[in-house]
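By written order: A, B, C, D and E. Residues from 1 in each chain.
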């Protein structure tokens, strides 16, 4: 995912309007202050988490000296590493499928002539169905069908709610979308499919990226549905399942170490790819 | 794999798969669940296909058996059952260990900082109606049976009480208690004691030991009104395709050396006479509740499935949680 | 876009098919339990009854619903207030930097919900970092009770769902035609009124989407109320969860779940109408 | 030009409603192969809607559209061998000018070199070469319009629909583009249907033109026909400038109005309106024919238009005089000589021939 | 008109770059109070950019803008007592026509009844009344343009900046709007700065006009000055039609070119280009003055333009003749009589006076 989102560049601005246009209003200072504050808030607990990953003691209460023992412990803990890998697989595939289906659904819904209440309810439902209901329902469903469960059933299940979230983000963007460029593309001989890839998709890209990031984030953290739709083996344990199961006997800072590594690697990968992009442009 | 078991993470030796393989030549796969409720839900909804041995607390084992989802034990394949204390073979939910084998057992009581609590707490009311200096410094378990248990015991009732009026009395007591409570906490209460955030907490005996390990001033006491007896058990699923292996696994666990691991590492009492006797004496010195003999333990009231009265417990807990 | 009336349906088809197969059918299966009785040992006894729905009418549940809706709404409002300026600032940043900023806004959430929440506990508890910091700055009073309060729950929820609102709002703001804002300024509206009358209405669909995310995720959350709220607060999601797992009362859980789903969908419809009106959509009139 | 060829495009009683709004109301037009056909009409009369139906973006509520004799209604826009230049440009915001132009050719799967060649050529003829790598948002209004035009032109379709293609261009550039369009009509053999508000453009370029009003077709014919023989008062007034004098045709065929008597051929007796263009009125000294005084003088570059108050008309009549001729001043009295051979007579809304 | 009043708006050496692109390059213009000022220039010459700087949306890289003598650069757009009608309309998509129009007045905190009155009035004069409750997406191109115009007009600012306000309107409506603008100039006393590509519009309406090219100001003056005495060859060619004849002025002041000799007053000897407009050339029988043959005839409604090949010019000369006059045919030989009093002479790019 890191690599994925890293190489995405948001396509250029829309419709009429001049690039220089907003320049006069682009008061960067308040913008920067806002970003500083919000990012400060977002990273405050992350700083704590990183700090705890280097704490010698296992208790998250007192600082008892710098240590990398949790990192060594993590490297020796194949269960956690395996779960992290599974989570990545689930999140990537669920994001991929739900981004595609969600975007298409959004396009379908917003280009319809008449609003359909049934369709609206269908698109809202995955967001409001309590996780446990969906979890129990899917497990019942899968086992009645006699399916063997595993990562694939988790992915299928995550797509259900991910797709609703993606759809919702993309639809919001489509509300004031100028569809004449879609018409222009068809007029120039592009099929619906080509039009989607060459025109609609790039112009919607910021929203699609936003939707995909959202889906990925939801999937990475989802626990109950994953637990219920996972198979009965290690091969389909995800990180949240692993971490929740540690609750009873204490979550060790190995998990903090893992989170630190995940975020560190993602950030580094993004920054490197950005840097490479820039080099290419030159 | 030749065998899949589901357990809480950290409830067995990390290298259990290797040592089991060394002993039996079988591939063991360990998966984890977070709570009894979740694994129960999963088994009830999906039939539990794929799991061979599951670790659950006794009332849940009782339910699974009533639903016909458990395989009776093949005692001939589990010779190590002989290692159990006799008390562990006469537990009311499963006399004679027909479908379950106890893995750990213990009771629930008060865990406190003796340096911060004046006097020695000895009653549930010390928790439910704390002295002024303890107000805002107590926590209680949030899981419905233990939460209600404290209220019921405080009122002098059974932890398996089904009379709605009595349940309501306990509920009202607990709603009152909520006002002086710092938090409901099932997982980190001992670290709250260590950090000093809390001074007196509602705790499982074994878990209190984690606190004692960090701070010598932490003590555990079972209130005079009595307490519950909880048992985590191993059960074999009826749908298991590896029942023989499952029996071998249970037998393996019951081996004194293997079973002692739980006592030594997670500081829970195990119902295994041979294992308990193999423990170093220092353990009992450091964690006095480890020394509680089985005959004392089984005096406490065993948690049983409530049947239809579960409804009333759930509603009562909802009311407590919703109160402010 | 009316050159092919069938196309919208075609586009929606795969998503609809997925939802019908993996949501509607399974959920109907489970929600139909609402019409049966709980077995003595849990499970379902297939005797028809409406009793479960009668139990849903218990004012206790309405109270819990209203209370958690209040917490979720407060969370939503605060999240929007914080997310909007952030999304705005990102949308106005140089275009090549926007994806990076978005990425860093969600990055913290690729760790794990539970450990992030524990990090908050470390920060907020009576013996935690913030209280220690205060003490080291010379504060001598009682340590602040930052944890196990409604405020702590809301902080935790806002924190965890903030990036979702940022993403949703960014998605609509990123392509607003700047000339519209210019036209408003030109017609005499200052920055504030331009924001209220032009920018905000046009980005309202994104605000609404983000708001819905926070609301539905908060009202169904149970980790944050349990850990940061000390279990003193309960969201409705928890109620359904308890019926299915703790009480092992699936029929009642199904009835409660169905009632919750219907209520929330109705609320969402009302919200969608209001948003459409406020943001001046006129698609319907056009068709 | 190709008056005898069969129509390449036949529009049959086509109608389109938007809710209660009737945008196009039973229009039938035949456009002939390789013709330059202009659509004119007041703002909102349905021109864009008509073109959008031809291109396939709106489904007519009634009527048929035949291309080369085949009904094209089942064809989606991309399958129709005609291209539309959008009034609102509809440029792809994420593509450079070159990419915008190449897009349509890539859809035809032409090879890269060929695409490059044709795009370069079209950019050169539309003066866009230097903007090849700019995005639309970095262009001026006129530059954008040229990109939209070029994007349609480069496709060289059978039929090209242009919705006000030159409105944002200055006169010189517009003339250059007009020549370019004419060249393509002749060399590539494209049939053009063009919407324009520039009458001179329509009169100069079109082989035939149609006048629409309120979604209805009023007249269709060559520019000369329409200028010289407008079908009704609206067309007469809409194309060019027309002076209208309300009056009465006497039994002897003489048109009579306040201060004016004009003998006409073939005029039917009854109330009637005489229509005459400013250039068909000569100015004489006071005393001759229709007397008036100059109310206003408008400078039009190459000539002047006198607004002359007369007893015969409620509004001043417009009279065109060369800028280089006699000097006039507001308030001057003069008399107007109307050429009876170059008048139209409209009786009760019906059309009567003047001269 | 108000030639003596001090400038209400003074543009001093203003410049604007977009990255490497110089959009406006040191332009200085004074606009007088209550003047109707037209900005003309080829596509992309910087007109829109200049207006946007006046309105406050772009910060000049150099120069000052003074309104009533005060530098307005520190003022944000909403504090500037001028309004801009956007070339791309920039209508609020979420508001109806009425709401779009009311918006600017609400910002002035006028009371509701007053807003309603003024909006109704403006909708009436711009023929928008029936569209009051439509959203922009439900309007035709010309209707949108009128909403944009009306939205600016209804504010009645001191200075109104109009960026091609009438380009999408048909001739009749355009003329109606022109009258309306003129009326507002006179009755409300608004100063107009208008960008237009319609030369006739500029010539008819403007009190003064400025010609820009490549971001630079070429000439500023009354329409007559610019039409009759263009400052350079570009202006001469840009406004109206101009025939250029390259030749030589002899010592005796006679202009000589292939097949042409023309005696001029005050002409300096040396190589020079003679510029003359189509309407200043008379057609005679063959034998007189400059001989040529007709290459093409363009019909312009009220008259015809002959394109005449002559030995003196590389491209055919344009000659305007009345449509009603003698009949011409392509290939006819004729001779052209150029009026020496109505010529300009450009020597080596410098300006020389002819006549």
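Here is the rule we go by: a residue touches a chain if its C-beta (ideal position, glycine included) is under 8 Å from a C-beta of that chain, and two chains touch if they have at least 3 such contacts.
If you want to know which protein each chain is, UniProt gives these names: A = ABC-type spermidine/putrescine transport system permease subunit II; C = ABC-type spermidine/putrescine transport system permease subunit I; D, E = Spermidine/putrescine import ATP-binding protein PotA.
This structure is a prediction, so every number in the text was calculated from the model and none was measured.
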Fewest touching-chain hops separating chain B from chain D: 2
Shared chain contacts [chain B and chain C, defined touch]: A
Pick the pair with more C-beta contacts: A-B or A-C? A-C
The assertion on chain D/chain E checks that the Cα superposition rotation, as a multiple of 5 degrees, is 180
Centre distance in Å when chain A and chain C are each reduced to the mean of their C-alpha atoms: 16
Express in whole angstrom the distance between the two chain centres, defined as the mean CA positions of chain B and chain E. 91
Centroid of chain A to centroid of chain D, CA atoms only: how many Å? 55
Per-residue multi-chain contacts in chain C, two or more chains: 1-5, 121, 127, 177, 179, 182, 185, 191, 202, 244-245, 279, 281, 285-287
Two-or-more-chain contact residues of chain D, please, as numbers and ranges. 18, 56-57, 76-77, 88, 138
Which chain A residues sit where two or more other chains touch them? 12-19, 21, 60-61, 132, 136, 140, 176, 183, 186, 192, 203, 224, 244, 247
The residues of chain B that touch chain A in their complex are 1, 4, 6, 8-11, 29-35, 38, 41-42, 45-51, 187, 191, 194-195, 210, 214, 266
List the residues on chain E that touch chain C in their complex, please. 55-57, 76-78, 83-84, 86, 88, 90-95, 103-104, 107-108, 135, 137-138, 151, 155
Residues of chain E touching chain D in their complex? 18, 21, 40-44, 47-48, 87-88, 138-143, 146, 163-164, 167-174, 197, 199-200, 203-204, 223-224, 227, 237-240, 277-280, 298-303, 320, 322-324, 339, 342
Under the touch definition given earlier, write down the residues of chain A that touch chain C in their complex. 1, 5-6, 8-10, 12-18, 21-22, 25-26, 30-32, 34-35, 38-39, 41-46, 48-49, 52, 60-61, 100-102, 104-105, 107-115, 117, 119-134, 136-138, 140-141, 144, 156-157, 159-160, 163-165, 167-173, 175-176, 179, 182-183, 186, 192, 203, 206-207, 209-211, 213-214, 216-217, 220-221, 223-224, 239-240, 243-244, 247, 251, 255-256, 259-260, 262-263, 266-267, 270-271, 274
Which of the residues in chain A come into contact with chain B in the complex? 59-62, 79, 132, 135-136, 139-140, 142-143, 149, 224, 227-228, 231-234, 237, 241-242, 244-250
